[in-house]
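Below is the structure I would like to discuss, written out as structure tokens.
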Amino acid sequence: MEGTFAEQLREFLTYANATFLLSGMATTLVLSVSGCVIGFLAGFGLAAVRKAGGRVPWIVRALVAVIVEAFRRVPFLVTLLIVFFAFQLAGGNVSVLVVGIVSVSLIATGYLSEIVRAGLDGVHPNQWDSAIVANFTYLQTLRYVIVPQAWRVILPPAFGFFLMFIKDSALASQIGVVELTYVGKVLNNKGYTPALAFGSILVLYFVLSYPLALLGRYLELRLAQAKHH
Amino acid sequence: MDYTLQFGQITRFLPGFFTGALISLSLAAMAFAGGLLIGLAGAALKTYGSQLARRLVGIYVVFFTNTPQLVQIFFLFFVLPDAGVLLSPYSAVLIGMTLNAGAYLTEIQRAGFLSVRAQEIEAAETIGMSRLQTIRHIVMPHIVRTLFPPLSNHYISMVLGTSMAAVFGVNELTGQAMSANAETFRAVEIYLVVGAIYIAVTLVASALLVLAGRHLLRVRMAL
Amino acid sequence: MPKLSITNLVADYASTRVLDGISLEVENGDVTSLIGPSGSGKSTLLRVIVGLLKPSSGSIRVDGRSIDYDHADDLRAMRDQCAIVFQAYNLFQNMTALQNITIGPVKIRGRNPIEVRGEAMALLEKVGLADKAGSYPDELSGGQQQRVAIARALALRPRLLLLDEVTSALDPELVTDVLDTIRMLLRDHKITMLVVSHEMGFVRDVSSRVVFMAAGRVVEVGTPAQIFANPAEPRTRDFISKVRTL
């Protein structure tokens, strides 16, 4: 596409392109948020299993440890590809978006499980002692005593992970999920100058990420101040 | 499902995978080294520089840490040729990863500078150390030991990050996997093996870093 | 039938033998105190009784029933009967004083919350902390936290109360309040107690029997008068002479 930058910009800023870009942003958010929510819930479960010590057979805890490490030490892209091709083999008509969500959920589970576990470990052992002798079950102890104290330690790194995750979700474009990066590639292929195509998505990622980063810092400050209940 | 996993078919790719792993490690190492230097300059400017310098570094850091590395590399890969700069895919990835690392390592090193406590410097002065001696014997070791864990972790995540170079045709580990898949279509086996190699490689790298930290720097780290 | 009957109890922790064949009986309604040098196993014995450390061999009987420390049901039944107050108070940091006391009876035992609240406030009054019902542990002094911990234990209506060096972590001026609280509670309720303490004056005042332990073994058992004024064993004599009694 020829012409000055200003001309190209005018050609680029159409309603169609704008909605296309916004839909890409929305998909990026859907991937990130659903991945983190599912990952947090599943990760919490895994962390609770690992923390249960003798109450759970060691083989189960070892397996959980292996799974968690595995998802943290395999690149995002490779996990996406494994899940993608696994779904392909299993047959069925699953949309790429679902494949994407499954992949991001698995990865998020690995990372968030460790974050939760560190938070649970941070609660003083004597809190467990008091609960045990009062006949709290393991789950009751977690629910009434441990988690209310641990969540302050869990929240900042968990939010930090969410921020990182928004950027890593760009890799889902490689299996065909129509998120923001994919939109950039399409626009580039359509003939818009790459500076515009990729520049615009860089700007949009920034618009998505930076306010959240500021929010995260604000939350951290607030949590550090009100170290109470 | 009428597909049986046949790992046997892909054993001939293993040498290629190991080469690819080495490329991943070295690519990450070079980008890390470059990023470390950029980060050192950036951290210094942000801590001791003029207001303008601080602003500029701030913009650089904020921009590169709030956008995906993949898109940063896409930008470089497609825009630079238009501007007349012709780069191989490897170079484009290297530059992109270096710039990205520079931003993160600026922040990490800055935190390291800020972690030096005034009391340590005072204590050194009261026993008669000169400025230079204080820096050499007290401040530098402290900074190095404080920075070692986060820098190690960032390197490991960069090794995993090299995987996206495959998108641009670089033959690091993931790229090798993609080539192998194009030949045999045994995707699941290939990517599972490659995933396992990433796990093994990063475990070994982490272990070496933890050991180095423990024995050379007396820094305790967990795996 | 003795309330608590321990026979040849052996316990190990990290390849050290911490309890080396303890035999001991506590009669119903009695206050039995355990004294002895640090590391003699006194606190460990309490932790074993309440199930925080598993015994290697020997038996513990409560009301004649032997407790199988491998069985969750046995442990549960035993903890229904026993309550323990720790040296480090161990109050739940995320709950107020009142909530610390009510959570056990309400959430774990399923009692009526309104009833329990009433009882809890009465207990707080008894230990002189009614005005601190809404305070969190980090807003209370050590002595106050300990008194809340005692109220918390009593709210569970234990048949056997274990006190594990409850004043050892307190600043000296706070110790008296806690000891007075315990003395008062003993006057008003007849509870069987097993007390580990360094406060010899207190031990002499309230105990029916005193047990001197050293190196994981029971060295001597007797009345306070016997142990403090006229110890039989040389080791006991050695310890008593070194300890200032009020």
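Chains here go by letter, A, B and C, matching the order in which they are written, and residues are numbered from 1 within each.
As a working rule, contacts are C-beta pairs under 8 Å (C-beta built on N, C-alpha and C of every residue); 3 or more make two chains touch, one makes a residue touch a chain.
This is a predicted model, so every value here is computed, not measured.
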Centrality ranking, top chain (CA atoms only): A
Relative to subunit C, chain with the most remote C-alpha centre: B
Computed distance of Cα centres, subunit B from subunit A, in Å: 20
Distance between chain centroids, defined by C-alpha means - subunit A, subunit C (Å): 48
Whole-Å gap separating subunit B and subunit C, where each centre is the average of the chain's CA atoms: 55
Subunit A residues touching subunit C - in the complex, by the definition given at the top: 124, 126-127, 129-136, 140, 144-145, 148-149, 228-229
Subunit A contact footprint on subunit B (complex, rising order): 1, 3, 62-63, 65-72, 74-75, 78-79, 82, 160-164, 166-167, 174, 177, 187-188, 191-192, 194-195, 198-199, 202-203
Subunit C to subunit A touching residues, read off their complex: 50-52, 76, 79-80, 82-84, 86, 88, 90-94, 103-104, 107-109, 136, 138, 156
Subunit A to subunit B touching residues, read off their complex: 69-70, 73-79, 81-82, 85-86, 88-91, 167-171, 173-174, 181, 184-185, 188, 193-195, 197-199, 201-202, 205-206, 209-210, 213
